[in-house]
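Chain naming follows the written order as A, B and C, and within any one chain the residues start at number 1.
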Amino acid sequence: MILLTNVTKTYNTGKHNQFTAVDDVSLTVEAGRLTILKGPSGSGKTTLMALIGCMARPSSGRIQLHNIRTSFFTGADSRAPLDITSLPERFLTEIRRTTFGFIFQQFNLVKGISALENVMLPAYPTGESQGAFRRRALELMELFAVARHAASPVEWLSGGELQRVAIARALINNPAIVIADEPTAHLDSKLSREFMEMVGTLKAGGKTVLIASHDPLVYDSELADTVIGMRDGRITGLSGLS
Amino acid sequence: MIQHPAILALTIASLMTGLMLIYAGWYGTWILDKWDLHSGSELQLNLERRTYLISVILSYALLFQIASLFLYIFTADNLHSQFTGAMCAAGSLGVNSFGYPVLILKILNCLLAGVWLIINHVDTRGYDYPLIKAKYGLLNVLVPLVLLEVVFQFVYFFNLKADVITSCCGSLFSTDKHSIAGEIAGLPSGPMQAAFFGIMAATVVCGMVFFLKKRGGYLFAALSALTFLVSSAALVSFICLYFYELPSHHCPFCILQKEYHYIGYALYATLLGGTVSGLGVGVLMPFSTCSSLSGVIPNIQRRLAATTLIMYLLFTLIVVWRMLSTSFTLG
Amino acid sequence: MSTPLNRHSNILDFALSSLLRRKSKNFSLLVVYTLIVFVIASLIFFVQALKREAAQILKEAPDMVVQRMVAGRHDLIPVAYGEQISAIRGVTAVSPRLWGYYYDQVFGANYTLLVPEKNLLEPGSIMIGPGVARNQRIQAGDMLALKTSRNIPLLLTVQDLYPSSSELISSDLIVLSAEDFQTMFNLPAGQVTDLAVTVANPREQVTVAAKIAELFPDTRPILKSEMLRTYDSLFEWRGGMIVVVLAVAVLSFIIFAWDKATGLSAEERKEIGILKSIGWETSDVLLLKFWEGIVVSLTAFLVGVVLAYGHVFFFSAALFEHALKGWSVIYPQFKLTPVIDVYQLTVLFFLTVLPYTAATIIPAWLSATVPPDAAMRS
């Protein structure tokens, strides 16, 4: 479970171009559910997901993660919620690496290396042996039906294949939470539907999924448990369960 | 000034280290002043990014320092033929009054940089960077010392003048101008041996106690430092003699030579390594109560203490082995 | 199992693949880097080898040479001095030496004329160094004409040539008999060029030298050790001229490395952004950069050193022999004995790898600290 309390993110504080991208947001993301952020362009969805995904620190407010294991919080407080608000980047990265998997709008695959290497990339700095995560990567590629492209450079893959390689990469470190930013922006409706099926698989596998999108195919999907509307950095509406 | 590639190399290296440390020190004071982990402000994020740069700089600086310590001795040794009366590095270093201060500064800076990296390593394990003040406080001590070393080294090299027959034939017949660290060399070898083995034994026992019972960290650190001083004196006073098998050759540098199978490197490496980790144990003591480090520090301290023990025991082993295996005896 | 060792090997793996992926950019860096290592290594090896050769020559030189000084200049010394010197305690032997220089106007070359200590040669026959033979285009059995100080040609038969292995010592040498030397230069009777003094105990050399200087205030005793030192500093000085050049080279290399490291392509920037966004930490990226630097540096260092080794020891430092040894018509063409030691390699390392490393630290850090969320909007 992720708990946000009065979270604000301001860019360029004190300068003439000061801009508040996320403004006083409080919300809860339930574990094992599909939560969707919807809103027009510039409404702060990406920024909010970056804050949740331990990529950036809020200017104010608190973000807490429940049921997270880390190497640096030891002893009695390990089951208490983890306040990530003022953690330095070094520790945020550790959490991000073990807890979150990311699927980006542009896929963000590294050109010039094979699809398999791309999938393995997030595991390199974990200190796991290459043999172990290579096996896992191949399994994941098998699961998403891109195993036969494992050795091809990513430049050769089609849009849908790229998407599936990106999903496999997001899952390589076995994260509890998957975050996807506009995952269907570059896909046609057939591929988008396929993507939502894969999200269903993830959800069935017990993952918490968080998607930002303004694609009705996504936010009108029956898989969605919660849909959060955003505008100008604020939450405008909440629908669904919870 | 003698023009020699090694002198150029050392000067370039020290200038680079100096510049890098000025940079690190500048941002270090900035961090000391403005650090506020609870702020998500751009300034704070900027400072946090700087800490990475500073640790990288210091790691490289330590490597450069260690390399330059040995290159410095090596170069002094290489240059001895340029000075009337100099037989090895000891003579070259005594050519002007800056040679030995530079050496001492280099050793001190190696130790301090080592300790700094230990603190840094521990600090980056605590999610609230609890040692940040101590770390950058120490950096503020280290930077002036390194700069002093840069200046001294430059002055030392600048004032090196080779005796060349065409310019000065009077120097031909000058007798030995330089005596080798006379006072330490003159220490009586009997009591010195007792002191050396005594302090080693005390440090090892104290280290064991600390390792097993986690007590006496400060004492252990103090003893490690003392061991360093006593061992250095012992090297000059009697250990070297066993390696040279000469009753009056006290030079602590010749053992670094090929003739003695580079054994000096093993001796100095173990001594420096042991001292740095021993000091590290003491430096970490006041922080072992930090909540974010409570799981980290005791482990690291134990590992450091073990390192010190191994290093010092190796050092002693080499010495004892030599004393027993050589037919040379101190008369 | 998660281990720091795995982390290093994984990241090293990726570093290698990154380097190979950007072949053209890294290749030009590698070429310049190797070239710098090559030039500096050649210089260091060369000067060091020359010093060693010089030391080799001096090994054969007498412990002490006594010269007479007149008006501050080297002059002939009476043989009679030698008798008194041999009476000093500690002196084993004193032998008079005859040697001098001869300038050949036709061929424009300077030769060293030397009379050997033992009478090796009949009057009329000589032995010459390979440099002389090349310069005069003569061989064993040929005749060589020298002009005496009275401007009369003196015809000498070349009995033998010195082998080229000793070329540095003997290149410009003409060894002749004492009689021919006398004919050539017409020295006053009872005078020689200088005296070679042998002292059995090296510790007494300085004392003996002091006694000689006291006995004959117009002489200058020169110890072998003193000569070694002069040679050393002479090479040092020549090396020193080069040191200035070196410093400039190192400096421009630093600037080049800095420029290369800061001039990251958009592609690379994007790649690092992606790595950061998928869970690489700043220190992981720094480690990546560190391994890239190590790989580049070691490759350049090894290749540069091997090339320099070949250049100096198999091609006799063909690229800068003139600069270092001075212009001379009968420049020796010799093979230097191949020797390099750890010390030279360390100095070389300090002059090349260290500047490169220092120059790339800040650029590497700059590229490693892109915010992780930057990759989410591109």
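The criterion applied here is as follows: contacts are C-beta pairs under 8 Å (C-beta built on N, C-alpha and C of every residue); 3 or more make two chains touch, one makes a residue touch a chain.
Since we're looking at a predicted model, the values are computed, not measured.
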Item to complete: Tell me which chain's centre, taken as the mean of its C-alpha atoms, is farthest from chain B.
Response: A
Worksheet item: Higher C-beta contact count, B-C or A-B?
Response: B-C
Worksheet item: By C-alpha centroids, what is the most central chain here?
Response: B
Item to complete: Report the inter-chain centroid distance for chain A and chain C in whole angstrom, where each centroid is the mean of the CA atoms.
Response: 63
Discussion item. With centres defined as the mean C-alpha position, give me the chain B-chain C separation in Å.
Written reply: 33
Worksheet item: Roughly how many whole angstrom separate the Cα centroids of chain A and chain B?
Response: 48
Worksheet item: What positions in chain A touch 2 or more of the other chains?
Response: 89-90
Response to the item:
Among chain C residues, those touching two or more other chains are 282-283, 371
Item to complete: Scan chain B for residues touching two or more other chains and write them down.
Response: 45, 49
Worksheet item: chain A touches which residues of chain B in the complex?
Response: 37-42, 45, 48-49, 124-129, 292, 294-295
Worksheet entry | chain A to chain B touching residues, read off their complex | 9, 12-13, 57-60, 72-75, 85-91
Worksheet entry | Residues of chain A that touch chain C when the two form their complex | 46-47, 49-50, 55-56, 89-90, 93-94, 96-97, 100, 102, 104-106, 108-113, 117, 121-130, 169, 173, 181
Worksheet entry | chain B residues within the chain C interface of the complex | 2-6, 8-10, 12-13, 16, 20, 45, 49, 52-53, 56-57, 60, 64, 67-68, 70-71, 74, 78, 81-82, 84, 162-166, 169, 172-173, 175
Discussion item. Using the touch definition from the top, list the residues of chain C that touch chain A in their complex.
Written reply: 1-7, 9-11, 13-14, 17, 21, 267, 271, 273-275, 277-284, 287, 371-373, 375-378
